[in-house]
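Heads up, the next two complexes both have subunit A, just with different partners, subunit B and then subunit C.
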Partner chain A sequence: MAYLIFSLSLLLIYVGLALALHIQFGMLGVANFGVVGFWGVGMYTMGIFQAQLDMSFVDALFLVLIISLAVSWLMGWLVLRLDPQATLCATIAFAAIVALLIVTEKWATLGVVGLGTIRYPFRIGDGTEYLYFGFLVAIVVGLQVLVLRLHKSPTGKLLQAIRDNEELCASLGKNTFQVKMFWFVLASVVMCLLGALSAPLNQFLTPNMIVPSVTFAVWIALVLGGKEHSLGAVIGVFVTFGIFDILIETYAPVSPEFAVVVPNMKLFLYGLLLMAVLIYRPTGLLAPTTPPEHVWGEIQKASKAAVGGVAAFSKEARDRIVQPKTAPFAEPKVQTEDGSQNDSDPTGQESKS
Partner chain B sequence: MSFFIDSIFIGVLQASPLILAAMGFTLIYYLNGFINFGYGEGITFGAYFASLLNVSFGLSFYVSIIPAAMMTGGLSVLTYLYVFRPAIQRGVKPAELIILSVGLSFVLRYGLILFVGAENVFLDEPPIAFFTFAGTGATSLQFIALILVFTFAFNLYWLIYHTGFGEKVRGLADNPDLAQVSGIDPHRVSIYVWFIAGTAAGLAGIFQGVFALVHPLMGWNLILITVMVSIIGGVGSVRGALIAAVVAGILTAAITLITKPLYAEVALLSAFIVILWRRGPRTA
Partner chain C sequence: MKLVASNLTKSYVGHPVLNIENASFGGRGIEGLIGPNGAGKTTLLGCLTRRIAATTGQISLVNDEEVATSLMGVQSYDVARMGLIKTNQRIQNFESLTIRDSLRMAATPPHQQGWRSVLTLPVPDEALEAEINVLLERFPFSDPNGYAMSGGEKKLLDILRCIVVKPKMLLMDEPTAGLPDEITQDVMKLVREKVDAGEMTVVIIEHDLDLIWANCSYVHFLSEGSILFEGEPDAVKKNRVVAEKYMGV
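Right after this comes the complex of A and B.
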């Protein structure tokens, strides 16, 4: 049970990260591939202040906030004027720098030895983990409400307009750089603070937590759920982390001799599901235009498509290879115009066959 | 003086897998316009194909280089035909294609682990002779690797910038519609390009594997730096990728000779960010 609470708390952290990335990438179009960098900055500064300097949780959190503001602002200043590929490259580099500095700066982080122990902000006997879990639930629900409200507000429309055509927005008199900066820094600070909040969960910090797989996990969850839909982040994290890391890991009935194979098998199936969903649902599980009341129906449709997709995957590709005369570059152009309407048709056919 | 020769030699040698990988990666990025993280698995599979021929079938290492690289090229074409082309035809956008390629990468990597296991594999190296050249020592293997890498790199360069085929590739990348109207078959050109890129990845994996060891995560560990170098080199510029990879290798080697290797990486990555920032926005 204690393990389950730990996993669920981690799931909430991932939901928070995916929501922050939804603001940055889904709404603002900033391809931040350095999620783990911001997360790691928050986690390790929290660890250093608490374990090395023996501060209280609240003091440490306040200092983490200031440092993460500075780091986020610096990164925003460096990357926000760049084109998407360059942003992606610079943020990957940023995350790699953070991971390397954690290993090299042994005087602060203790390097590969690891840093511990990070305490919970309160201690009430056996209930501590549960209360902390409740605290995380409140934070993530708050973030989700913020995102839902943002989607309805004029600011949200402004962010989407900047994503789709920044020059046009600027010509209408909006200070696009300032708007981008504000929301990028806000979302990055959220990532840092989530890192700081996940430090007590892990209690003992090691550099091998700051790996690109965290970034990929968040990106996968967001894109799989639907990067432009306000509920895409939550759905995505529940499908990826929830099913694969909690349900299968904890409850799959496996005989001991296969236990070694399970993690590899799991990641293999995970990759297969990812491919099937994206090929048969090009916009992710939730299309940008899905109204909130249809979310559940869309998920059912998408899961049928994914199951049918895995089965039809090889067959479909074999059929295609037989007729190579079709022009592969002519069609996407047509579909990009009305991709969101079109993509449900192949889905329906696949699930029937 | 020997400092410069050492940095250039060590840098180019260490960067040789990166040079090949970055050039091949750029080619796909240029033609199809998305970042293919699955490309890293080409590196892994190249090394494993070489170990299959070299260790399991007992062929000489030098004999197994070319077939292993060609097999990787074939694998790359298969991923294009079975995964990426259907996806592009269905209208999957570049951001989703990135995640699709990550999914493919998971399938290939963990499929490989399920199939052959996660243990390290060592390639059977041929007997090694030691040479001294301009004050720097090198083994015969290193020399042959360098010669092969540069033969491949310059052939690829010549192919892209000085032949009719290269013109077709560049035409398709710049304006697919115009290229098709001019009678270029995008399907055939794409297959060739994915084959060449896969071959480059396979060669990169073989050299990475013979200098160190072969393990299932080797491609994944190399892919991020490959992506960064390709973007620094300029989107879709094979020339830029070549230059950026060589410069990155030499710089890393030079800084490593002065300070710790990890600080060399930090300095290089910071330089990446500053270069991108100085360059500002640019359209591809």
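Right after this comes the complex of A and C.
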């Protein structure tokens, strides 16, 4: 049960990260590939303040807020004038710098040795984890409400307009850089603070937590769920992290010899799922225009299609393994006279010529 | 409102495309800016709205009280806020906004679009909604509550979007390109109404000279980056330089 609460808490953190990324990429069009950088800044500064300097949770969180504001503002100032590809590279580089600094700056982070222990705030004994889980629920629900309201508000329309055509927007008298800066910094600070809040969950921080796969997991979740839909982030995280990390890793009856393969399989399956979605539903499960009352229906339809697709794929695969239809490297059989079985050209157009 | 440019030049990698000694736009109702392809018409409008940085020279905006404000060093969005708005020659659109959202977004003043609106969720401004309704009744969109679909609809939306912002001076870059004839006529009628009511002055770049002669009370002729002649339409029609360089007579 304790492990489930830990997993669910982590799931909430990912939902929060995906919501912040939804604001940055889904609404503003800023491709931030440095999610783990912001998350890591928050997590490690929290760790340093609490474990090294023995500060209280609230004091540490306040200092983390100030540091993350400075870092996010600097990043925004550096990347928001760039074109999308340059933004992407710059944010990836930022995440790499953060990861590197955590390893090299041993005086603060203790390097690869790791930093700990970061204790839960509001300790009440046995129920502490549940209380903290409730605290995270409140924060993520708050973020989701903010995003839902953002979509309805005039600001949300302005952000979408900037994403669609920034120059046109500026020519109508909108200070696009200021707007981008505000929302980019806000979302980045949210990522930092979510990092700070996940420090007590992990209790012991090591540099191998600050890896690009965090960024990719958040990105995959958002793109899967629907990057421009207000509920895309939460649905995407449930489909990826919820199914793979919680249901399969925790509850699937996997024999010990395969247990080590599961985390690697997870990334493989994430990738497969992402490819399938990008091919069949480029907008993600939820299209930008899906009205809220259709969300549940869309999910049901998509899951039926997914189950059907997997069933068809596995049937096909089984048939091929049992009875290969074509030898992969055989010469194509082109029989022109009698128009008989022609494996290489099923339409039979060539055979008549 | 008048827009005055002096000694304005623009070069791309040493190659001069614009060299204007003195030019003044505005204050004469609807003005035309004509000239052959490559004369620098769009570049001139780009410089005037500060979308393109001029190489040298001075641009200033003279308001009705004859107070001049230099536009050099002013950001393009601030130029727009001063009331100088330009429609686009090539189709520009906000693809994910509906026609109504697009007009609403453009016309909403910045202070009502700040982050506070997320907390307050203000109701749409009634006067603005009424104005949008009038425009959408007047101009035919296949789905006025949906998205602009065809190139023509997007072009029309681009012009309407500029008009709902209530500019003091509207620069129109080839309004007929991509628009059906009768809609161009309707657009010009609307523009004329606004000009006659004293709400704005207009400068039109156009190759359709009939439209220029029918609507403009003053015409600037631009060729090879310089204004070679300007005056009343009749004088421009009769001018030899214009005839030689542009009308191919």
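One rule holds in what follows: the second predicted complex is superposed on the first by the 290 of 353 C-alpha atoms of A that agree within 3 Å, B and C clash if a C-alpha of one lies under 4 Å from a C-alpha of the other, contacts with A are read in each partner's own complex, and residues count from 1 in each chain.
The criterion applied here is as follows: a contact is a pair of C-beta atoms (placed from the backbone, for glycine too) under 8 Å apart; a residue touches a chain by one contact, two chains touch by 3 or more.
Quick caveat, the model's predicted, so the values are computed rather than measured.
Within the superposed three-chain model, A:T283 lies in touch with subunit B and out of touch with subunit C [touch as defined at top]. Applying the stated contact rule after C-alpha superposition, one finds that A:Y270 touches subunit B and leaves subunit C untouched.
Looking at the shared chain after the overlay, A:A90 reaches subunit B, while subunit C stays out of its contact range.
When the shared chain is aligned, no partner comes close enough to touch A:F6: not subunit B, not subunit C.
Against subunit A, in their complex, subunit C makes its touches with residues 49, 51, 75-78, 80-81, 85-86, 88, 92-97, 101-102, 104-106, 108, 110, 112-115, 117-119, 121-122, 161-162, 165. Taken together, the subunit A residues at the contact with subunit B in this complex read 25, 31, 78-79, 81-83, 85-86, 88-90, 92-94, 96-97, 100-101, 103-104, 212, 216, 219-220, 223-224, 227, 261, 264-265, 267-268, 270-275, 278-280, 282-284, 314, 316-317, 320-321, 324-333, 335-336, 339, 342-343, 346. Contact residues on subunit A toward subunit C in their complex (touch as defined above): 146, 149-150, 152-158, 160-161, 163-165, 167-176, 179, 182-183, 186, 228, 288. Against subunit A, the residues of subunit B that register as touching in their complex are 35, 81-83, 85-93, 95-100, 102-111, 113-114, 118, 172, 176-177, 180, 186-187, 190, 224, 227-228, 231-232, 235, 260, 262-263, 265-266, 269-270, 272-273, 276-277, 279-284.
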